[in-house]
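Labels for the chains are A, B and C, by order of writing; each one numbers its residues from 1.
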């Protein structure tokens, strides 16, 4: 289905390099990464661990502010270069226009704060909405991510929820302020296979209904194939291949991509021709 | 609620064990308390009469039962050396020792929490080495020595208080608090170093957790990340530690009372030990055990409130 | 890097303490109990490094013998604690059951007391003196060692290879002696050092309260309490023994800290 949203450039990354400086050595984790996303796009980044995909995602989310990391290039989001803008400007975008969900929903949630309070935190930071309305909006957000009994979830602590529920709550927290870009860093890796599929479906629905662009990071090429239109394949900090998802899946040009495809376990019950 | 009940039950069992231990260890002491009370010169008839009067000729289980019921009623019997009931003898001293211990805890918390936060913030600067070294040394100073140093500096040189001139809370409550400040400080000093170091370490460890990254990803300012997310988590082990130190603080107050001539439980415990005044010793041990166990209970409940992950 | 520095400093300080102990055993410059009326409150000099006390006794010699005394008592106390603590902890941790339940409740009851307080009780019962103090503190130190060992034994007992050895029919005794006890080495080493740290502190505290070795034999804590009476005129008399106590504790705590961390890594 073609979206009604105007295809407009939202994110443009040019020559992104990330270097980490130790006491005496320096290592380049990400080299000359370029990517573009329009509003409402779903872009996948695939690669093994250590390929620099998570680093790139964290850089885009503005979460690599550590001073032992050196970043160069440009990350332009809606006309603002995130690498050079003031922290104040960046903070205004974080959690409001750009949200992120992570691999381990349990560790990514604060263990001693009720889930609901964490879901509504972005509203607390970025808006002046009243407390009671924030709660309403949080419960609505929890309902939107298809959690049964959202009031109960609102009042639970993270350890009281299952892994799938926690990741849904994380998505609710990320989506509560209707961001334009949702960065999902291996959001299903820590989950059971059946729950994986549900979370991917949920992300699809969010993209379809709200037009939120999704940057989906995964080591699982088949998962990326079910969700994304376009994909970047990364290895050792470099983008080795990029393009339309099904093209790459069917005709990989790079040896590395072929390995990634070969590494997908064959599902004996899956009769569909890929 | 269930948690509180279970914890209270454990506490009662522990206290019962303590009282059994206390009673029987004191019953097993060689020698007749009646003799020690009358002196070795006493005639056998007199000893026998007093033995009977003190009820020492009855079976030990009967005596334990009676003693235990009386203790539950708050009656610890008669002091051997002071001709009055143990309860009336100790009632003032309990208040003084409790005041001293509570003050030490308050001082410890009031100084170590901000200090720990400050140290964590400065953890990658040169100040860190300075703080760690000072902390390490202060931790090694026993409270009776720091008490002497404090007396020397604030009592003898600066003359901020008169060493040995204890002010009773009956004469002046604030005067009493003022006198107890330096004793409480010397008990608190090593604990301040330990707690602030622990808090610094936990703050640093918590800051590297993934939920902190999540908090930043929502656009929180550094301060908000710290106070809303990191601090609460970092305080959990600190609370546990503070609970464990309460026993040490009470022990510390027993010694420090001696340094500053504070007439609390510690002083009377020492005189009772040298005077073999067993009922007083028994009562003091039970009271101190009660305080320690009680404070552990409070800490457990606090901890439960702070950390929702703890379940029975 | 920094940890190693701490370790080295701890090692140097502890060696110094051991050296002082050794000198205390072999020969002190003066008889620590010899009084000399003409030397009352003598100031620091080459003859009397730390000066003299109210009876004209050489404080340096008394400190050396005090260190020896403290080290002897601490070593005995730690030995008692480790020996009985290991037996108790291993038996309760390995076999579990009602015995474990009862002993651990008792352990909790005893742990509810600070060791100094417990030692005071034992001394209240059996009188004061060097051997009473050793017994008193030794008993007070058993529970904490028992708890550490029990925790460790519980961990080891549930490891796969212990289960496997059990399947092969090894006896409980053999499993404990051959497979479990050797694994306690690392935990015990750091807890022994920390135990020394606590024992020195407790011994000094007890002798400060007058519950240690009987006078006129010197002990660091008693020297402090005696010197306290002259704090206005001769503060140094209190400061020297105090600083020596601090140095002893500092050395053990530095070593204990770094050893503990090494085991974790």
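Following the convention adopted for this analysis, contacts are C-beta pairs under 8 Å (C-beta built on N, C-alpha and C of every residue); 3 or more make two chains touch, one makes a residue touch a chain.
Bear in mind the structure is a predicted one, so any value in this text is a computation, not a measurement.
Listed by label, the chains touching chain B and chain C alike form an empty list. Using the average of C-alpha coordinates as each chain's centre, C ends up farthest from chain A. Averaging Cα coordinates per chain and for the whole protein, the chain whose average falls nearest the overall one is B.
Between chain B and chain C, the centres computed from C-alpha atoms are 21 Å apart.
If you average the Cα atoms of chain A and of chain C, the two centres end up 56 Å apart. Spacing of chain A relative to chain B, judged by their CA centroids, is 52 angstrom. Residue ranges of chain A in contact with chain B, taken from their complex: 61, 63, 91-96, 99-100, 102, 104, 107-113, 121-122, 125-126, 157, 159, 170, 173.
Put simply, chain C touches chain B in their complex at residues 2, 6, 105-106, 108-110, 112-117, 120-121, 123-126, 201, 204-205, 208-211, 221, 224-225, 228, 231-232, 235, 238-239, 242, 245-247, 249-250, 253-254.
On the side of chain B, the complex with chain A involves touching residues 209-211, 213-221, 224, 228-229, 232-233, 236, 306-309. Interface of chain B with chain C (complex): residues 13-14, 17-18, 21-22, 25-26, 29, 129, 136-137, 139-142, 144-145, 148-149, 151-152, 156, 163, 247-248, 250-251, 254-255, 258-259, 269-270, 272-273, 276, 278, 281, 285, 288-289, 292-293, 296.
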